[in-house]
């Protein structure tokens, strides 16, 4: 039922959004998704997604389970390519060089080297704290110990976990608490200085205190890196993001400044979701 | 723009890493194919070496001092009888042990001991079973160097295979099925007998066939209990024309078996006997591979058919 | 209301109660039968240990442990009898070492390939075929080693003797490749998906993910595969009995003929030794050593596997 409403109301609003997109593209867009479709086999999971990801801002993706927000997020670093029988059409253009991240000619591994990701469940490797953070650098062939140490420290400081682990760098990462593990995973992603950092419900497995720390960290990181975050928690989206996109049934329903989405959404579907009528 | 590296550096490094990936794929495929190729080569070579000996006579003649007149009659009859004993003993005991461990056993140290034993027995070298049988069945129980001793030995040998296979099959039956039956007031045995067991037949059968395919090729334990390689008679048939229609004299009979016969022929320097060995080995290998193929097929069919 | 009550009382009448008691007793009886069958495993182990220890104890009445462990010759059947186990152990270790040189690299590469590179369909079709390699009767492998591998090797090594540990070891190695591969592969596949995703998301290639994340993550499981592979190689009998000769020689040179513990047991069993002779008892002493060697590896393997299962 709701989809129909959305469809009918869409066109005028989209036009305005396009205007905004052009404006953004001119100065500060980091990535732009245009007419993005995505299929698992014959099942179309994303339908005609158009979205601008502004540089050095936090963009949140919200929507009910199964709406495609994680699927969309995973297009940015081509995680879907690990599965057989998946297909993209349309584009996600990364600026300033204007490479199409989902283009067939673009190597998914190269994409993943440039765009970091933090997962729902903290997934440190069964290695030491140091080696976890150094992992991406080692993949790229870094082996100079002092150089590595500097970069690891910088990344750990960036993820606000340096003080907690500086004396435990050679301990197993699996000995850390859940919240620490997740910040370690953030440090691991930061070490290679990605152009965009993707967060896939990064706090859903954490307690409220650990969650607060991660949220604070995301707000800080915004100064340095473009962030795209999927979250189930609307308060979280409201707290950390600058822009919020609402997705429903594989489509992007509405995107706007976070303050506007949460106070005065223009779509009924968005309002219903935000006020907890479904999802 | 990634700050740790320029895009150029990043791409060059990546190209190198991807080449390593490709090299590994080639190496992996090559190794895999050469392992399978060796198996095919072995089979083809056996068939070629033994080609001259294949024929009805080879199956229906007793061993002989003259290679061209020697056959495997007593060997395959002996093997069949041993397999009969092995299957009749190992199947019920193995399935029962598996049911106990999976459906009944409480989680305590005692069950732990049984489990460790089963795991450990799977790793005991087969010749040690031969020594056990020599000391226990042949001398202590006085079964002698008989079909019965050999069958029991191989039954013990394949017990772990049947237990593990059955347990896997039992475990695959979802809890909901058991709960449904318990909910209707069934006792534990009724749940097992009416529901869990019928749904696991495929897995149990697979375990049995794999076990027997292992047993049929086992040589060392049968040599240890003293199988003879020169047997120019057949044991009494298990089924007779007169009352009571079955007899058990064959159990106490001396015997030879396919692998023993092959071993004996290989050990002779005369090349004519090695041809016999090749022919018999080709037949034994074909039987083993066929049994495995059947087991794979059953497993595949049951997996396809049942969708919990 | 009354009708329901009436039905209920019939269904739970006297007969029903007694039948429940009968069913419960039957259940208990059956449980005991099942337990007895499960105990066969325990009794088998006990019987193995008992037989080996008792028969060996007769052997050690004639032979001191010191002689057994230090004498450099093993000739129990000769007039000049020596009872030093070392030559048999050296043969066993040499063959095992050669086998591992084949089985560990090939098994590991195949495992990594199947677990990390092959498609689901390929894996499902290749694994059963690969396992056929482990199902080939050992006596057939013996034929392979003696009459195919040795002549082949002699083309490159003209001095290689007709019986040698090298061919036997190579063929045993081939035989345990599927075992090492399948246990390692199981261990690798048990490494959780999110661990791999973490690595891929950093821009790692498949090989990098396999070598840097999956293999270290599955290490105890892979170690268990190696250890259990060693135990199999030590216990393998027919290939060595056929292809390595049966001459106990204290040597670690794989190109020479030698006997292993298992080959010696076969050799004695082929003859017709009286029940009470020292030769008869000597195979139990050799069997005891074999059992202890494999037991050590099996126990290590068991605990490594369990440690691995606990990790994930």
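Read from first to last, the chains carry the letters A, B and C; within each, the first residue is number 1.
The working rule: contacts are C-beta pairs under 8 Å (C-beta built on N, C-alpha and C of every residue); 3 or more make two chains touch, one makes a residue touch a chain.
Model, not experiment: these values are computed from the prediction.
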With chains as vertices joined when they touch, what's the shape: line, ring, star, complete or other? complete
Based on mean C-alpha positions, I'd like to know which chain lies farthest from chain A. B
Closest chain to global C-alpha mean, per-chain Cα centroids: C
Would you mind checking which pair of chains has the most C-beta pairs in contact? B-C
Whole-Å separation of chain centres (CA-atom averages), chain A against chain B: 53
How many angstrom lie between the centres of chain A and chain C, each centre taken as the mean Cα position? 49
Taking each chain's centre as the mean of its CA atoms, how far is chain B from chain C in angstrom? 14
Give me the residues of chain C that touch two or more other chains. 203, 205, 208
Where chain A touches two or more other chains simultaneously, the residues are 109-110, 113-114, 139-140, 192
Where in chain B do residues touch at least two different other chains? 14, 17-18
Can you name the residues of chain C that touch chain B in the complex? 23-24, 26-27, 30-31, 33-42, 44-45, 47-48, 51-52, 54-55, 106, 109-110, 112-114, 117, 126, 128-133, 135-140, 142-144, 146-148, 174, 177-178, 203, 205-208, 228, 231-232, 234-238, 241-242, 262, 265-266, 269-270, 275, 283-284, 287, 290-291, 294-295, 297-299, 301-302
Which residues of chain A touch chain C in the complex? 77, 79, 82, 84, 109-114, 116-117, 119, 121, 123-127, 135-136, 138-140, 185, 188-189, 192
Chain B residues touching chain A in their complex are 1-5, 7, 10-11, 13-14, 17-18
Complex contacts: residues of chain B adjacent to chain C: 14, 17-18, 20-21, 24-25, 27-29, 31-32, 35-36, 38-39, 42, 45-46, 49, 92-94, 96-97, 99-101, 104-105, 113-114, 116-121, 123-132, 134-136, 139, 156, 159-160, 163, 187-190, 210, 213-214, 216-220, 223-226, 259, 262-263, 266-267, 274, 277-278, 281, 284-285, 288-289, 292, 296
Can you list the residues on chain C that touch chain A in the complex? 119-120, 192, 194-195, 197-205, 208, 212-213, 216-217, 311
